[in-house]
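Reviewing the structure listed below.
Chain naming follows the written order as A, B, C and D, and within any one chain the residues start at number 1.
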Amino acid sequence: MKIGFIGLGRMGSGMARNLLRAGHGVAVYNRSREKAEALGREGARITNSPREACGGSEAVITMLSDDPAVAEIVFGAGGIASAMENGCVHISSSTISVAFARRLATEHGGKRQEFLSAPVFGRPEAAESKKLIVVAAGEVKAIERCRPLFDAIGRQTFVVGSEPWQANVVKLGGNLVIASMLEAFGESFAAMRKAGVDHHLFLDVINEIFGSPVYKNYGRIVANEEFDPAAFMLKLGLKDIRLVLEAADELAVPMPLASLIRDHLISGVAHGQADLDWSSLARVVARNAGLES
Amino acid sequence: MKIGFIGLGRMGSGMARNLLRAGHGVAVYNRSREKAEALGREGARITNSPREACGGSEAVITMLSDDPAVAEIVFGAGGIASAMENGCVHISSSTISVAFARRLATEHGGKRQEFLSAPVFGRPEAAESKKLIVVAAGEVKAIERCRPLFDAIGRQTFVVGSEPWQANVVKLGGNLVIASMLEAFGESFAAMRKAGVDHHLFLDVINEIFGSPVYKNYGRIVANEEFDPAAFMLKLGLKDIRLVLEAADELAVPMPLASLIRDHLISGVAHGQADLDWSSLARVVARNAGLES
Amino acid sequence: MKIGFIGLGRMGSGMARNLLRAGHGVAVYNRSREKAEALGREGARITNSPREACGGSEAVITMLSDDPAVAEIVFGAGGIASAMENGCVHISSSTISVAFARRLATEHGGKRQEFLSAPVFGRPEAAESKKLIVVAAGEVKAIERCRPLFDAIGRQTFVVGSEPWQANVVKLGGNLVIASMLEAFGESFAAMRKAGVDHHLFLDVINEIFGSPVYKNYGRIVANEEFDPAAFMLKLGLKDIRLVLEAADELAVPMPLASLIRDHLISGVAHGQADLDWSSLARVVARNAGLES
Amino acid sequence: MKIGFIGLGRMGSGMARNLLRAGHGVAVYNRSREKAEALGREGARITNSPREACGGSEAVITMLSDDPAVAEIVFGAGGIASAMENGCVHISSSTISVAFARRLATEHGGKRQEFLSAPVFGRPEAAESKKLIVVAAGEVKAIERCRPLFDAIGRQTFVVGSEPWQANVVKLGGNLVIASMLEAFGESFAAMRKAGVDHHLFLDVINEIFGSPVYKNYGRIVANEEFDPAAFMLKLGLKDIRLVLEAADELAVPMPLASLIRDHLISGVAHGQADLDWSSLARVVARNAGLES
């Protein structure tokens, strides 16, 4: 397919590369041109504006940091909403709010453009190695049309609903489950340390119980305090939990565990951890127990 | 080895059976004789009192429901503390409190008896099929001596410290991590239901992310509300979380996630869920969101 | 002074009336004209637009429900920002967000207009009887100029800072303290009911301890479940707690008590309590304990 | 009346003194004799054992620190349970657990002795100046008989039930309400400090709203950090909240606010605040927000 790809951060670059590898024609745009050039050497067409990336594309994928960044690209001066041709589909893979996903659907719909939400699970390595999990939602025909794109970037695609924002609810729910694991690590590791039990040994037990690569990977990061450089910054984790709680509010679902995690992440920010990995949530819990890292 | 085994509930029966299979001489005692007789047919010596189960044994394993049950068997009239020979080791595999494990160590020590804590992770099926995870702590020589017993009942043994109570901290910490997963399921499933997303589909995404048999198994139980009959009753889960919080208090570790789970389990009791599976914690969360099951 | 007054709800009407009584010239505007007419009979000049209410005024007071309502009146077509004369001061008495108060200060400042935040504490009866507590913040000279207005509507004025938004932080903090009392009532009353203690009797004890009219008043409302009609609706209470948490996030202050109250208010919404008095927070707690009201 | 009084700490001394002033015959016992002697000079009969304090008494009041201390005095060797004459009533004014109050009622009942719970609200100054609030529960005739004693020590007596333990539930519920105020102070003061608002000024607003001497007094202590010496130590506050949560568990009432306070008090212990005033709970909250005191 002929597509535009906007947003070449660590996640986006990997995704765009796999689209190229799968034989799609990819026009890329990134605010700082440098990252685009790397992909240009692999066959991407480098463009100078979001608008240009839309030209002649059947689909435009955005992979940006948050709601305002997407809003700027879509609705800003020279934004894609005014450049996409009839029938072109905007696929948002960013972790955005449910309310904003709904707005995107409405606005694109009003212009006879299509809109799909297709956020992904996986860290940058997974994006690079085509191991992302894609969660897509939206009008069923549009999804079927775009399936080759999802297949190109991930190891599996889940279609979770006919309203695009439902995919965002799933993405946020998944992030909450991951964050809950981090909080559980934090509390149990702190107890182990104060009980004189090697928390690495405790982690071995947990890994034997759960047998999960995610527990294994994050458990190691937390146990060794590998928080810097961050694979996913605490301030971004806080942003995601904010979105979880906004969605919870709108859906009228009390989420005390999400609230607890939010408060701990805020405490992390208050102690200078904004740019550390979000798994340093565990450091907040340890600090509350009087432990120094 | 020649051992006594006290407590033949669903967990204890499986453990005793695997000890027999491994060639150990096992004298069993259970309050209701019926369960002992089943093991008698497989080669166990049936006894009429805890005292008798100690006679000539190098080790006595207790697998009982809680602190009072263990206290009764150990310190009650005709209890094993007055029957164990010098050098005999009491191995407690029950999920007991840290404080009580400490008391057991002191009291046995005062009588020149040995004491090990060796709680296990795994549901009854795992006990039956020798797939338990054994977490042992205590004096190193005693542990080495008893290793053949641990090997007989579980798939792996972790030695986590030289103080028996440390094994109980690990067991409680592990249960907290499992309970945290249940709370996370509860909150995210409730959100999915109110967002019109099939929560089974959400669970598929979670399973693809975590790739953990524990998530898969508990996730299915929660998604299908397979709470009755209970594999592990909510009231026992509450007992365990109480022990987690007691240990947390003693160690001076704030555990807000454990507190949150405790409050939800109490709400479950208030709504008649005491005898349902503890994963019905998710039903409490759903109810708070106005969802009926 | 010559002033405009916009927003004649239950709070605003009482405030405008007391400004008239104190001899100020008051031009009133309200979306539904009916309420304005009542004040017209007491000497107010009735106007047909916010713009008209500004004409010739030294100050314009807005008393509206939330951020969007204030934004509409100030920045909407025909809004007061384009109608206020140089040197005219906009006094916002609404409970608005800290971020929006900051925006108001910036935008008015850019037009050489002045801006003060002066939210108030007190229920509608207090507004009527000139017993409000006024919390003002902003540029000191503007505050001194407007002091006669504050004196006219309340029993006491506190000047809490030179940045307008600081008054909003104080207002939100005060609301949190009140909401905390409601949560404490909820939890302790539920315990009394399940312990067979008359919770009215418990409230008598609490009142003897605290000797506070606020405890007495709210305590009676909660004990008797006088939730309908609402003096202050639960959905508005939730709005305020949302603003508390937004401010907390921005200031990097974890507020687990505010989070807890938010989750309970959301549960209230999920159970159809949105239009009941916000003190029906206590009903949420009782429900979680298995009590029916 | 002829009474025994056991436990002459800061609270007990004031209470015994007021009983003397009211003309009752008071036989006192305290572990360290020194405090008894002070009362001896005011007319009390000094005794050398709890047993002796019971001799000929119509009632025996105990005012001790916790369950174990009361258990020791009542059931220990030479305890009052074996010394009280038929018809003598044991009045427990200590803050003890609901379960232990129930045990006391049963055990005294079995010996044809009477038992009342009559815990009190008020700090040591209130005990000295006869301003305590007495909360009594138990068999109605026994309460009527002892009313002159309650009248002698407090400014008001509330009879809350016919089961002694119900008074303990009321006492614990009241302490929870007070602790909730402390948590609310902690969170709102931290927000004020980070917003650049003088928290003393915020407290002035709160005091104007609530008009409560308890808010005024504790508010000043928290605002000025007058935590040392403690009027009521944090570790004792934690003990009380533990009892609140035990009662909540037994009554099947989720109490997330109590849980939250417990976790903060534990964090206080972890940071060396055990012997500071329990209002230093606010320091825990401030620390979590990155504020140093």
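Note that a residue touches a chain if its C-beta (ideal position, glycine included) is under 8 Å from a C-beta of that chain, and two chains touch if they have at least 3 such contacts.
On a predicted model such as this, the values are computed, not experimentally measured, just so you know.
Taking each chain's centre as the mean of its C-alpha atoms, the one that lies farthest from the centre of chain D is A. A count of contacting C-beta pairs for A-D and for A-C identifies A-C as the more extensively joined pair. The geometric centre of chain A is 38 Å away from that of chain C, both derived from CA atoms.
With each centre defined as the average position of its C-alpha atoms, the distance from chain A to chain B rounds to 38 Å. One simple way to say how far apart two chains are is to compare their mean CA positions; for chain A and chain D this gives 53 Å. Contacts with at least two other chains are made by residues 248, 252-256, 260, 267, 270, 288-290 of chain D. Across the complex, chain A is touched by residues 98, 121, 133, 135, 156, 158, 160-161, 163, 165-166, 169-170, 172-174, 176-178, 180-181, 183-185, 187-188, 190-192, 194-198, 201-202, 204-206, 208-215, 247-248, 251-258, 260, 285, 288-290 of chain B.
Interface residues of chain A, counted against chain C in their complex, comprise 238, 242, 248-249, 252-256, 259-260, 262-264, 266-267, 269-270.
Residue ranges on chain D touching chain A, taken from their complex, read 256, 267, 270-272, 288-290.
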